[in-house]
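I have placed the structure first, in the form of structure tokens, so that the comments after it can refer back to it.
A, B, C, D, E and F are the chain letters, set down in written order, and residue numbers restart from 1 in every chain.
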């Protein structure tokens, strides 16, 4: 973060170029570790790239051509929100852009008027409302600690944020499970197909469209893990370690839980994550505003 | 090698089989055989799949299903008929409700014999299908090129 | 009554070697009894056609004139019935399964058996 | 032209038009009168903006004794009429409220009529008034134009309802006049008068169809608004009790008079504002009011009249800042926002969804105004602007759709993108305006979070906003999904829509986009000076964020063009149906040989977000909050 | 005012290993109506008795189903033996029992895997199938086939298992038992699993009995039907405990199957200890004349093979009533009012074997 | 070891009464199965089980006979009755869930209504 005027732009461009690579690698490691947890060898590390490459080689099969538009918008806005994040932008703005991109995904699923996509879209929406409050609370928590919504400022802060926001951090990890589409919260679509919804929101996307979705997921992974980084930003090494541990934990949770139902998802996200977040923020607020005004 | 051969996703449909081949297909996904080593994912959704694995023969009621599933797969795609029921109707060939192998409804690219076909055999079959898949992709691209050119000239 | 009952197993598995048989690179699982495919020894076949009758899925065809014994691998259920009933043990079960193919076809064996001087040909009955 | 003349013109001209409309018998005549008056009102409102945006607060003296008297007479006439209606329909709650109010008014007039001195500044004008005037003048008149075509179709569809269009437009224009009066008046007596007129207009227009349901809901609305009216009168009485000269009846003077004096009338008037803005204990009247013809819902019940409720609360925001009473009022808004957003999830009637969303957004404005810091005030005004535009567009779209497909149920709007592509895109933009970045409402939400975090006890509101906001997301997205889902083989139904409707709809759609694009301008030209003048400092937008927002908007505008550059035409396939054969895309033969139509409905989660589950707790909580506020006020009085 | 969603569930559906179609009518995610449709696998091979000699029909009978292939073959043979009054050598009875119980192990493990899959627990699925492979290895070592064993014939069995091999199997089972213990702990104790199975698809005892539920479906509801108690094969000489549970939900059915895994291991161990030496088959002469309802306990429940011969080599009728067919009415009842996410769990909780059902 | 079973031939008219009796005695329905016994003549076995004892009620009908449904007593009997109709062409009256011939759809209507001997194509 060099305070030169072009730094944010450079960061954003680096993110736009590198995030798919990193995200794909994360996905590859994820699949490999998952396989090993199941006693299997698992796919090659670069398998996600092969998959996406393959999907681009395939024919674009659609139910309606409008799907193309929604998928592209999903990808573009996902990249935009990530780029805003990495260029040090306003967290709230990032979250709104992030939500916008998800709405496009949901709309793409709605557009096809297929029962599985439709139910998938409804569930995706339930997931969005499940995690949205927690993500906003995360941003607010960061603000309360660093008095800035700007990622650029937060990342430079020398305050060990996670120590002030343990509840928010745990809440964020719960939400991260939803966002990474991992069991127990892989309601709307899951990485493995054996689900009552076939592939949920992505059921009626094929070929290149699916590939774009996949790339968007990669952007998303990097962005979401970037938020984990912020919690530990005062010590980059620790932050990287935290990301690795957090991700391993997610894989472990994925492999040791069954998928729960939407009621449970909504409840655990709103009650558990919400309560943790609210209590954490409340205490912090009390300390900041009342004890040390 | 293109990406296609490195990432064949499958969709599986169980026709009129005895279930034997069917569970062997599933067994091929499990740790002992682990076809994900080849990038194979059982998508369960024809729209995402490259390889259509069919076990069992075709009967009155599933004929349409097999055809619909095949039609919903994007090109290039291949069909692997697993087990002798899917190839010829097998031991149930003479039953009144069995129309015969899968090739009665959709074009089949690879037949995997066996009753029930062993997981190794299924892996062999899929690997053989990859070559065909690759050839089909080339043909598809050439066709697309050929189709696009005259149209371009006409304008 | 607990969360993450699977954790121990998962962690144990992730640290131990995978159980996967790397099949094309490692040989397939096989036992001495494994039913792979039927092979015929033409030199022993007396063209009795018991195997043809006993085959539950009519995969075997015997042409006495052309002296061929043919089997349709895409019909054979590998049940061992023909091997069990073959009076001359000219049929045997190989443990190697039939390879997949793009086209179906029958496998033809030539019968090279030369009738011994005493011609004996009796119609097999079911009793 | 002097600005005061403009103000008087804006108040009186609609009245004149109304009188003309009452006597115009031919629909052609009516059509021309409406169009010309609408144009005149709109143009003058705009001129007011041009002429007055840099002027700041200006007050005007109108010698008003005669007006006062006229107002009293009109109010009494209305009271008598309502009394008669209430007795006829056995709505005794209304009768009692009318009697109380009339009694209080008469007593007030008798006791203080002679002591009150003539106020020097009956009319006033500042940037906030301009904003309100623009909303009333432009959106209001557009809705009136739209109503022309709508009412014609309405009567074609509902043959059993007596055609009283002359009366309808008469009241619409009277209402516009009253609204202008309300926002330009500086005299609380006058404000009360216009306030009561809007209540009365609303009552008449809700009951337009004269069906039992409409009448009942009209009375419900009337009763709840009259409750507010009584509180308003009580506030006036309290003010004059403190200063019998009535000098504090001057709005500006009252607000500047300090906590001790102003808080009691402030709470009372804010209570009236809560009833008018249909906040939680009173939210049912607005939901019930949806039986009215759609232009009425658009004009009265989303963009203007209910805004009067929050308008008055925003006016009193400086008094409420930092007080517990203000906090309580803000909490009423917050609870309302959270619960009605959730309740909107469980609704499938499009107008009810819009109604709940309206209540929710007004709740947010109330919350902002109740906390009342300068940047929350900024947010509140921004919310009022964005909401008015997007919501009126949505109401009008729903009205149009309803007339084409014969239903206002969201489930029947499936595949609208094919049946009415242009309208669907408008609705899409309208909805995006309500909840998606980078459109208006999300800008406000964003600003609200940033503002709340600096306000005392703002955390509560941030949490409310986080949860309520996500509920908002749910019901808008699923509706959006419904209209854009592509069902095959649908015929186009758009051709029969009249051009004047199109004009109105296009203008509003344009406004949604343009206002989102130029909001920094609006902010710096109108809102910031207004805030500045009250608080002495004001909100500044971060330039980088504005740039990014604008970039996003640009991106959003160019994205659809990507559709034009698809290299190859993709192959079409029917949706995945578990392998079942679909006939014509929408039917399949299911179990037991039954041919089934593919039906997809949205989730309504009634067991979680149903009215029956959330309404009672919300009502109780809000009554509790209001009671606390009243108790504290009583404490102040004693 | 009901807002419904219609989901054509199956026949091609990843969560269903076999094709069955359900017309699901949902309100939100609550299933208000679920009408099943079968027939996607119907082959009609019962009619092949008119074309195949009764001795050859064994091969067809065991291809009724690829999961409990052996039990189908054995039940058919036992039915014919009853009609023809053939005394099967004792060792053959024991061998049949051993293989039957291995089949049950194999089937239950397979089911546990698929069940785990139905509620999205992929690792558990893999774990169950990892153990199942060890059972299949035993099959392959003793019969030559992994899923279709083909080791039963009228009058006995076709292959013997050497005694030292039997001891080896017994040892192997001990280690398998440990793995199974670890596996079933997860199914029975994990909270997320219980969240998905407890109070889902509840079938009362009364309903279970009168709707004709059999096997673990019935036993999970407290109806103690276990045909092994009739003592066919070597079961009359072994101690067969009947596992029941009273709740009647998916968890109970899972519980019954988990516990039956141990019963099966125990039965095999008993059989291996007690197995006598001797011949494994008798020669069969003549043709069946008469009729018999042969009933046996399949992993899924009571299996009925009705056989009728008229003294020729061709039977008049073979009617196979498989457990899944009679478990369908209970399933229809269970599905009413469940959630969409529960549908696969409930459907799998009866362990549907559609290829048996439709024959 | 022989499993206990008995076959009781009854008339179609007695069916409902006898089934009701079984139900009252606490039997459960084990199966319903048909056998073609001659040209256009079918045996239908209603098997009931109680404590591992199988009681079979047997009626003999022609394809034209209308067999009353027993779904009133045994709700789950619809699977068998639909099967009877679809495979044998026996008319069953009053099934609670009547699939109207789509329970098991076959290429040939009522396949078990005809007898095919070896060598013949069905």
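Here is the rule we go by: a residue touches a chain if its C-beta (ideal position, glycine included) is under 8 Å from a C-beta of that chain, and two chains touch if they have at least 3 such contacts.
This one's a predicted model, so the numbers in the text were calculated from it and none came from an experiment.
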_Chains touching both subunit A and subunit C_ = B, E
*asked:* Centre to centre, using CA atoms, which chain is the farthest one from subunit B?
replied: D
*Contact-richer chain pair (by C-beta pairs counted) among B-F and D-F*: B-F
*Looking at C-alpha means, what's the farthest chain from subunit C?*
D
*Which chain wins if you rank chains by how close their C-alpha centre is to the centre of all protein C-alpha atoms?*
A
*Express in whole angstrom the distance between the two chain centres, defined as the mean CA positions of subunit B and subunit E.*
29
*With chain centres defined as C-alpha means, what is the inter-centre distance between subunit E and subunit F in Å?*
24
*Quick one: report the Å distance separating subunit C from subunit F, using the average Cα coordinate of each chain.*
40
*Centre-to-centre distance between subunit D and subunit B (centres being mean Cα positions), rounded to whole Å*: 59
*Multi-partner residues of subunit C (each touching 2 or more other chains)*: 3-6, 10, 13, 18-20, 22, 29, 56-57, 77-79
*Would you mind listing the residues of subunit D that make contact with two or more other chains?*
568, 571, 573-574, 576-580, 591-592, 598, 600, 602-603
*asked:* Among all residues of subunit E, which ones touch two or more of the remaining chains?
replied: 5-6, 8-9, 11-15, 19, 29, 35, 37, 39, 42, 44, 47, 51-52, 59-60, 63, 121, 123-127, 130, 145, 148, 190, 192-193
*What are all the chain pairs that meet the touch criterion?*
A-B, A-C, A-D, A-E, B-C, B-D, B-E, B-F, C-E, D-E, D-F, E-F
*Residue ranges of subunit E in contact with subunit C within the complex*: 52-53, 55-57, 59-60, 63, 121, 123-124, 127, 130, 137, 140-145, 148, 150, 158-159, 182-183, 185-186, 189-193, 285-286, 313
_subunit B contact footprint on subunit C (complex, rising order)_ = 18-24, 28-29, 56-58, 72-79, 97-104
*subunit D partner contacts - residues on subunit E that touch it in the complex*: 1, 3-6, 8-13, 19, 21-23, 27-29, 35-37
*Complex contact set, residues of subunit E against subunit A*: 5-9, 13-15, 26, 29, 116-127, 130, 190, 192-193, 195-196, 339-344
*Can you name the residues of subunit D that touch subunit E in the complex?*
348, 411, 577-580, 588, 590-592, 594, 596-606
